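A, B, C and D label the chains in the order they appear, each numbered from 1.
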Amino acid sequence: METVKLTIDNREIEVPKGTTIYKAAKSLGIDIPVLCYMDLHDLKVENKPAGCRICVVEVEGRRNLAPSCSTDCMNGMVVKTHTTRVINARRTVMELILSDHPKDCLTCPKSGHCELQDIAVRLGIREIPGQEFAEMSTYKKDFSPSIIRDVDKCIMCRRCETMCNDIQTVGALSAVNRGFMSVVAPAFEQDLEKSPCTFCGQCVAVCPTGALTEVDHTAKVIRALSDPTKTVLVQTAPAVRAALGEEFGLKPGTSVTGKMAAALRKIGFDFVFDTDFAADLTIMEEGTELLDRLTRHLNGDKSVRLPILTSCCPAWVNFFETNYNDMLDVPSSAKSPQQMFGAIAKSYFAEKLGKKRDELVVVSVMPCLAKKYECQRDEFKHDNNPDVDYSISTRELAHLIKSFNINFVDLADEDFDRPLGESTGAGVIFGATGGVIEAAVRTAYEVQTGKPLPKVDFTELRGMDGIRSATIDFNGLPINIGIAHGLGNARKLLDDVRAGKANYHAIEIMACPGGCIGGGGQPLHHGDSSIIKARMAAIYREDAGKTIRKSHENPYIKQLYEEFLGKPMSEKAHHLLHTHYFKKGNKDIFI
Amino acid sequence: MSHIKVELKPEQIAKIQEICKSFKNDAGELINVLHKTQETFGYLPAEVQEVIAANLNISVAKVYGVVTFYSFFTMLPKGKHPISVCTGTACYVRGAEKVLDEFKRVLNIKVGETTPDGKFSLSCLRCVGACGLAPVVLIGEKVYGRVSPDGVKDIIKEYEE
Amino acid sequence: MHLLVCGGTGCRASSSDAIVESLKSELAANGLENDVQVIMTGCFGFCEKGPIVKVLPDNTFYTQVKPEDAAEIVREHVVKGRKVARLLYTDPAKNEHVSDSKHMGFYRKQIRIALRNCGFINPENIDEYIARDGYQAIGKAITEMDPQQTIDIIKKSGLRGRGGGGFPTGLKWEIASKNKADQKYVVCNADEGDPGAFMDRSILEGDPHSVIEAMSICGYCIGASKGLVYIRAEYPLAIKRLKVAIDQAREYGLLGNNILGSNFSFDIELRYGAGAFVCGEETALIHSMEGLRGEPTVKPPFPAESGYLGKPTNVNNVETFANVPVIILKGADWYSSIGTEKSKGTKVFALAGKINNVGLIEVPMGITLREVIFEIGGGIKNGKKFKAVQTGGPSGGCLTEKHLDTPIDFDNLIAAGSMMGSGGMIVMDEDDCMVAVAKFYLDFTVEESCGKCSPCRIGNKRLYETLEKITKGEGTMEDLDRLRNLSQVIKDTALCGLGQTSPNPVLSTLDNFYHEYLAHVNDRKCPAGQCKSLMQYVIDPEACVGCTACARNCPVNAISGERKKPHEIDTAICIKCGACIEKCKFNAISIQ
Amino acid sequence: MTKVKSLADLKKMKETLQTKIDIREKGDASESLVQIKVAMATCGIASGAKAVMEFLMEELDKRGIQAVVTQTGCMGYCYAEPTIEVKLPGKEPVIFGYVDNKKADDIIEKYIKNGELVDGIIPTNFESIDNK
């Protein structure tokens, strides 16, 4: 490899050609502040518009200062990262950015997690000169069911634009306007709800400031908890337990299932249940649907569309409703685990409790922002009463725990309540990319072949590659599986399917890079993909530690079918656990 | 950018499709497509941008991002007699600002606006290259040179039926 | 006999089209339509005196011609051979007519290389270009030289980019030629956005073939078969003439496959700008051509490595290209004999502002500002005092009296705190407030900033606001310090050339006219009497005769008074428009 | 129009086309060229000035002399029509009277080519030549 030698702050270093000054300095332990820069290494995405100009350094012989994030090291370069000139420039630029930024830090939802705030603290900004006559660029606030856009706080780092367009290919956001009024916004600066936004929340996950935040439902949850006429149930998604600990200073990848259950009980939920249970239920329905379609297909039924696509991810559902609405019969009709849980809770479990559905409040804790939108969809309501009342994110749950004065780290582990709290390892791995399809395979294999699986772990389905495929031998019948995470990858896969170029029987798609563990509602990873990997490891550890690892072996699932649903895909199951999809957008009328 | 809502007729949609097609529906030709479309429709309302986006297979947000970046593109229909005051440097030092102020005062609109009767719209432009005639005002295609604030009323009078 | 009528935008705005028509019909009326040709040419440059009609062969230069003058020109000059004295240029110094343009102060010191064909040939007729050795340079290059030899001529000539930066053109070509790729592009930057500079437009309107020829020479040198002209949509005439020229060149086989029997092929397409000054920056320009927002990106990679569609791309501006064919034909030594040590050749300037001879001039590098302003420009309008000259447009600075004898070249202008830029040259007199001038330019930059980087997006806005505060009389000494620091930081940290130079008007006025800033801040006065907030209109009761002219003309009815008695201005209502002063015949109204 | 196929083609084409704009090239460089003005008022035309002018233009061209021939109004020497004014580069103009084709031929051969004076110079201007 070709290398270059240079000096940074009087220290010599040799780095591979093409290394930026920022990275070279970092390898020397010199931590140059960056703001707009974001490196999502595993997604092969580097957001470096070189727009904020916070990371400037002095390069000997150069007329002006160089942005270290996007300037390559050259042989013989002499770089200084903290001269008076650099520090003055950095401070002045920071003052400029702050001069066009609201000063409501104390009440900002991003307070404490704000990168802009961090740098202001680090640079010791104490006043903003000329603020009294400085005009601010202000815009309309946008409240969607999932995401709040308060772009007065936008600093034009363009990270959200990169996520929305380059990674997710959703195209809801773009830089608009010019100069002082330029900002990232949907077309015509309309609300996100009128845009092709899928509410995947990846923009929120990378926003360094409070410009993009989630809709906060914690207050509503607290109100429900204090309402004596309501029985409040909580369900927690698989990925939450792998990340919640980070909000309390635990190492990424620390599984906090037991502490979480304990905390939820302390907060006062009447029943602490697990979405993993519903995940097992999803496998029963989706797996059966897969086998049904497959069998009919093998028997020559031309009306059957394959591959079958998973439908647990609400952002993905929004995406195909907008972009692939010519293929609405392809995804599985199975509802997502969140909605299956809600439907069962407000029917089966309500009956068990002898309560009416409106006496129950179902709260979900999700790694996701699209779930907030999903639970508000009309088809998931009964007499205007939603199956799931409130969906809160992992971050909101952390706030809730903190505001209930709970010392999370020191909590003793507790278990979920029964019956809707029992789950298998198959339910747990829903949280990571490839997990849903692995769980489905574990069940479908045994149902189809009537034989026990020789091994439960399908490592060929795991990993971080954006698009993966594998062929699983169903006792002589090769089943082709496709997996994509990140909507951009999903688009590639789906385009192939639409063009008839792909030969898959089943495809799993998750909107967020990494799957739900990298969801838009998770503790912010600031683009550090090692955090996502640690969460993934935790998920698979949890699976491996479970005694039951196949959904169809979950005793409470069996009981549910025996007592209530009959069998998978029964009429009752269809009514409660399946849904249909809608055309969104008007793209097709023009082409 | 403020904008108005319109309903496109099928033949208008067909016209836009035709324009896109003449540029091979190539997203790289977006700016040429927008030019041609604005030439045809006079402005680029949201609905028009949506059709363009669909045909070039790019997001509407991107199209809007481009439309709002370039000052030549407008989402508002211009007045019957679009008035452009040159505020290039040569015109500025020869008093264009006063002329502009007078137009604003007489028409009672701001720059970028159209009079309620739709007759006049007012905009600024940077240098038409007729610096010898500074300050210069364009009404439609017609150039008025050496305009003084006093002369503004007379110029407007020419266009009032 | 030939009658040349200026068809530049300025003269056309003063109905030079109608002049052509009138001349033609007058000639026909005299039965001379076959003996005398009327030709519409590109810009003569002397826009102040436009429209221009030139009669050849006796080289008579008629100024400010109106369509109704056509009859007299034909009757007197064409038929009888008598010059129409009232349409001749009058030398203001000697107060006598000058009929031959070569003897006018405006033209005397000019050397026209880039503008060699402007105002000389019919730009819509390729034959006239060919008659002037057109396309011989590309012919010479492809038949007699290899690309490197051609590049060497350009390198040796010392030609530097005329778009602003002044990067050596030959070197730029060489870099692009050395990058290997299956496709490369030659781009002509014709997105002239500098308010008050219009040389590129004039060249394209007056001599489009020279640009086409130069682009193909560049294509030959760097190994590109495709050329793109990125041109402002606001230049309809230039677009039209360029299109005509491209079509003609294709028809003649001077564009297209196997040009002049060689194996070199080259063709040109047009791309339109849409009103964004920042697109003059080459990376922004390339993004704009790709159908994106015209936002610049960090260099490196330079366009020569990765430009349009990721391919090696060479971007030069119109004026740079216009120099190329002549250099190839006349040689590097000839070209480098003109100009100064580090800035060779000539530069076209758009001379405007408070100057007698507004127009487009081409002068050898090294000429002094004094020569340009007082000899070519004919001095300051209305006998006022020279105060400053702003060069380089919004990226440049304001130079003053002490710079008048500095030879103009790239390096001297930068050393003086300004820059060559694209060649705008705006002259200001004692009535121009330099703080307001800086504010004017910042207003432009704020409007044209793309918004990508924070120093330019927010910093320029803050500079503008501070300047506004000062012109309102609310400035403080801290504001002046802040202006300077902010300006320096913006220069130091902005992403592209626009931002890096946008504070120049502020810094140069702070350097050269600090006393004016001080007057605004300390005395709350605008010495030039331009800043409205610092002025009051007052009627001198001694001088006022009560004619009521002022009151009748006040647009806001701020003036009251009885007939034949001194009037008074209500300063609370007065909008300081100045209408009253213009109407007062007794000099009774003054600004304080 | 035929395509230009080679550099030689182009050069040939240039030669032909150049005459079309010759008048402008010469006008631009009038200082360095021979300038001839033919008085073409009624009196001049009546005495055959037009024929003389055409002769001059043709002959100068044939003999390879770069000259600008223009018409002018009456020079005030109606008695001596046709009259022409000849101005050699760097010299004061000289006016010749009674110019017919033969005289014109003389003027070209003797005055224009060699600077020798020929008969028929109108005296008022003779002085100016003398002074030189």
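Simple rule for what comes next: contacts are C-beta pairs under 8 Å (C-beta built on N, C-alpha and C of every residue); 3 or more make two chains touch, one makes a residue touch a chain.
None of the values given here were measured: they were computed from a predicted structure.
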item: Contact-richer chain pair [C-D vs A-B]; value: C-D
item: Chain ID, smallest distance between chain and overall C-alpha centroids; value: B
item: Whole-Å separation of chain centres (CA-atom averages), chain B against chain D; value: 55
item: Centroid distance [mean C-alpha coordinates] between chain D and chain C, Å; value: 40
item: Centre-to-centre distance between chain B and chain A (centres being mean Cα positions), rounded to whole Å; value: 43
item: Approximate Å spacing (C-alpha centroids) for the pair chain A, chain C; value: 54
item: Sites on chain A at which at least two other chains make contact; value: 175, 177-178
item: For chain D, residues that touch 2 or more chains besides their own; value: none
item: Where chain B touches two or more other chains, by residue; value: 65, 69, 71
item: Residues of chain B that touch chain C when the two form their complex; value: 26-32, 34-35, 65-66, 69-73, 87-90, 92-94, 98, 101-102, 105, 125-134, 136, 143, 145, 149-150
item: Chain B-touching residues of chain A, taken from the complex the two chains share; value: 165, 170-178, 185-189, 195-196, 586-587, 590-591
item: Interfacial residue positions of chain B with respect to chain A in the complex; value: 1, 3, 13, 17, 46, 49-51, 53-55, 58-65, 68-69, 71
item: List of chain A residues in touch with chain C within their complex; value: 49-53, 56, 64-65, 67, 70-72, 85, 88-89, 92-93, 96-97, 99-100, 129-130, 133-135, 155-156, 175, 177-182
item: Chain A-touching residues of chain C, taken from the complex the two chains share; value: 276, 293, 295, 297-298, 300, 446-455, 457-459, 461-462, 465-466, 469, 478-479, 482, 485-486, 489, 491-495, 500
